[in-house]
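Below, chain A partners chain B and then partners chain C, in two separate complexes.
Here is the complex of A and B:
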């Protein structure tokens, strides 16, 4: 977390040069499910004002939006900034322009994940779900406590069905990209 | 009235959360609502999974909805994360035809179909809008006057209100109103509606700690007998996470019990603390329970 405190803010390099800018990036994002609001952003900063993460570290949703609109594709998708949102939806609720920052972040994270830049914690949780059908492992201890409380026995999740669903869309690529990234760094 | 119910991943499998399930089952039974568990329920693929791949997540969540639809039932859930996911499924499927096509074909490949007809409701919102305060009042048998709580709605039952079909999202009062028949004092304190950082747990742990620290300062200064949570993540943060915050930030006087919202209702209906799993929480609930039980019978 030290790194975040030091504000690893997209190099923080100014001026931004043409060669660092991808003009089509914002349209790419706006074309995705949930990304439509991006182009309506006025950069008023209401999102940053209500952000619970911004109240403890130097993290500003407006800055993320600004960088996306500017076209700093590489910086945005490889930065840990897009993984700091706690998904409380306060900014989404307050935004007069209905930018829906949290949904835009989801699109950005999906893009980053396809490139192997997913938050390792979330990837680990997804693997847990593949294995158990739930994000938690069932334990004998809790099973016994359930019995003592008079709760019905836990049903086994439909793991096979779930795995098939998980492998049918883009998540498979996320795992592969993550593995490639890990192999590269070894 | 009959509803399908999705419990989520955490509620039925964690020691400090099974009391949430026990209390919810008792409250619904007490109010004459019949429930059927989603058969072989799987992960609802909430926000963190949507972060990895939205299409996959929508298809995963649609699996449980398809099961509810097969039974011809609308869905209740005590988990705010599940509630949010299921609401998003219907929203996405009805607004994005391309996505609908993809999800349909994924479901078809595992022998499932989802038309998008299941209405999902959070248990607390359901109790307020469908059952109502008068009905709760009629069934209440325990007076909790003198007991003060800090009620946390959490984020994912409320925001964004258009997606979730909730009227008040920023400064809601409905869950407080529902507790009025028991005479309980729900203290309005700064920070009670702010995020607890729960979704950052396991990904940005230090950040999750620092946000939780702020929330615990808020509620500690409010001087309440207990925190009452609606969201299972809020509960994990405030209950399981509390000792860690106490040590890390040297908050020596910190010791606030964390109660699940339906546990309060069930206590008010006359159920015993033991059958609601109140002895299973990380932070001991003894003092809180003693204060509740010390109150009179109606």
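Here is the complex of A and C:
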């Protein structure tokens, strides 16, 4: 008989204790728009098997879903796993249970942001939008290229209205939570 | 009771002494035999030129590894020789009217170009036929002539001319000493009165090319399980030699992918097909059994192993312990083909360890699920039945009436009702036969 596969300990494998489990967490997520499919997950691994991110680094969509279903709220929302999804939708195409992993992970990111766990890159990008009205700064090079291509010059964004909209959407709270979290760690 | 060989006119049968069985697979044959053994007449209608169904294509059966043909072929002869069974092969049911005890069934007898009474199945015509086409019975892996029998034990042993490919050169006509070939033969429509009906139309396999990522049709060394059955079958196109299609070599490592077109909500097949786990394991074992010196690595990629039947779990354990079959829990995410070697690299997650795998196999076998056959919906509509949401024939109540449809006098057996393995199909065939003969015995009253 051939040797069976040795199981290796992977990052993210840890003992699950009662005090870490929040039984209502999966329902919290499932009740959000986009999170409906979560409870249908069979953990068959079709998402991980086709994941282009997972093929190069230690990232398994199945594990994210599994941890949410287990109720490991703190672990899921504070980990960087939910920020690794490239939103290529391959898993959604593969999924046999119509779980819509990309939507679930968006809900999880929103939850994590509210608690000050947003990935620094995303926060920096949001700040850039608040400041410039764009995800990248307007440079002279861009203006010049537009001129050469015969495109109309860029309009100045209505920063005030934009800030108003983004704060109404709760972005202010995300920044505050982020700041609180940073202060705590210092 | 008529003596074997005596001519009976189908049109003048007594409906209260006759049952119709639609489909000549293992379930339909069992139903026909059980009704006929009670002294009633049976008309067995089969679409293809021979009875036997899918079981005739299989190499071995699970979990005992019995030879499929060894079990089936005596049955084939029994059906064809039974004095009470009228066999209508190469025929289709096109319309049904009436009610229990008095159905009128319209059957289209397709022109097979060969007179059943005269052909002895000697095969003298075959070498003379200039047309060679792929053999459907061998899953298009082997070849046959335009005048053909699908497999050596074809029952009735009568050749058939495939009208689509025949060029009417009449070389076969000249070669036939018994003057059995008639190329002018035309389709014939007959009406048969029957008292009760058993639907045993069987199933068809899920078309695995729907899963573009699994590469069926794109990569030569990705085949489906029924093609694999024909490859390992001694009467198959390779004479029982397991070889891969790109270069004819015996593969040293084989992968089996389970749940292709089963338990997949997105592809419209939410149900479990029941047999795939076991036939997958059986095929894996057969690879080791046939070429244990060459085949070193056999891996099954599964979602869940459902070994629910008698002896199944033991067989599953034996495949691991005695044959060293590897099992990896994880659906396959992606396939790649190596340009030079034509080997297949599969991507999957081993969900038991979280490990991401990229494994190379020389042959990959997809194990498709079971679908209701095309045309079942039309047949059901003819009977005044509605197919259920999964496309199979619904039964009135699974616990107390497992073979009764909603139409009195119409019963269902085998995979027409749901995915079933061979023992369950045979059991359902017997059950449906009993219910159908009760209808006859009571004169159509249920």
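Methods note: the second predicted complex is superposed on the first by the 171 of 186 C-alpha atoms of A that agree within 3 Å, B and C clash if a C-alpha of one lies under 4 Å from a C-alpha of the other, contacts with A are read in each partner's own complex, and residues count from 1 in each chain.
Going forward, a contact is a pair of C-beta atoms (placed from the backbone, for glycine too) under 8 Å apart; a residue touches a chain by one contact, two chains touch by 3 or more.
Predicted, not measured: the structure shown is a model, and the values here were computed from it.
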Touching partner for A:97 - first (chain B), second (chain C), both, neither: second
Touching partner for A:126 - first (chain B), second (chain C), both, neither: first
Chain B versus chain C as contact partner of A:170, first or second or both or neither: first
Contacts of A:55 with chain B and chain C, given as first, second, both or neither: both
Which partner, chain B or chain C, touches more chain A residues: B
Touching partner for A:43 - first (chain B), second (chain C), both, neither: second
Overlap of chain C and chain B interfaces on chain A (superposed complexes): 1, 4, 55, 90, 94
Footprint of chain A on chain B - complex, ascending: 9-10, 12-15, 18-19, 21-22, 25, 37, 39-43, 45, 47-56, 59-60, 63, 92, 96, 99, 102, 106-107, 109-110, 112, 155-156, 158-161, 169-170, 194-195, 197-200, 202-207, 210-211, 214, 275, 277, 280
Sites on chain A touched by chain C in the complex: 1-2, 4-5, 7-8, 10, 12-13, 40, 42-51, 54-55, 58, 60, 62-63, 90, 94-98
Sites on chain A touched by chain B in the complex: 1, 4, 33-34, 52-53, 55-57, 83-84, 86-90, 92-94, 100, 102, 105-107, 109-110, 113, 118-119, 121-126, 129, 133-139, 141-142, 145-146, 149-152, 154-159, 161-162, 164-166, 168-171, 173-174
Residue ranges of chain C touching chain A (in the complex, touch as defined): 213, 259, 263-267, 296-297, 303-304, 321-322, 324, 326, 328-334, 347-356, 358
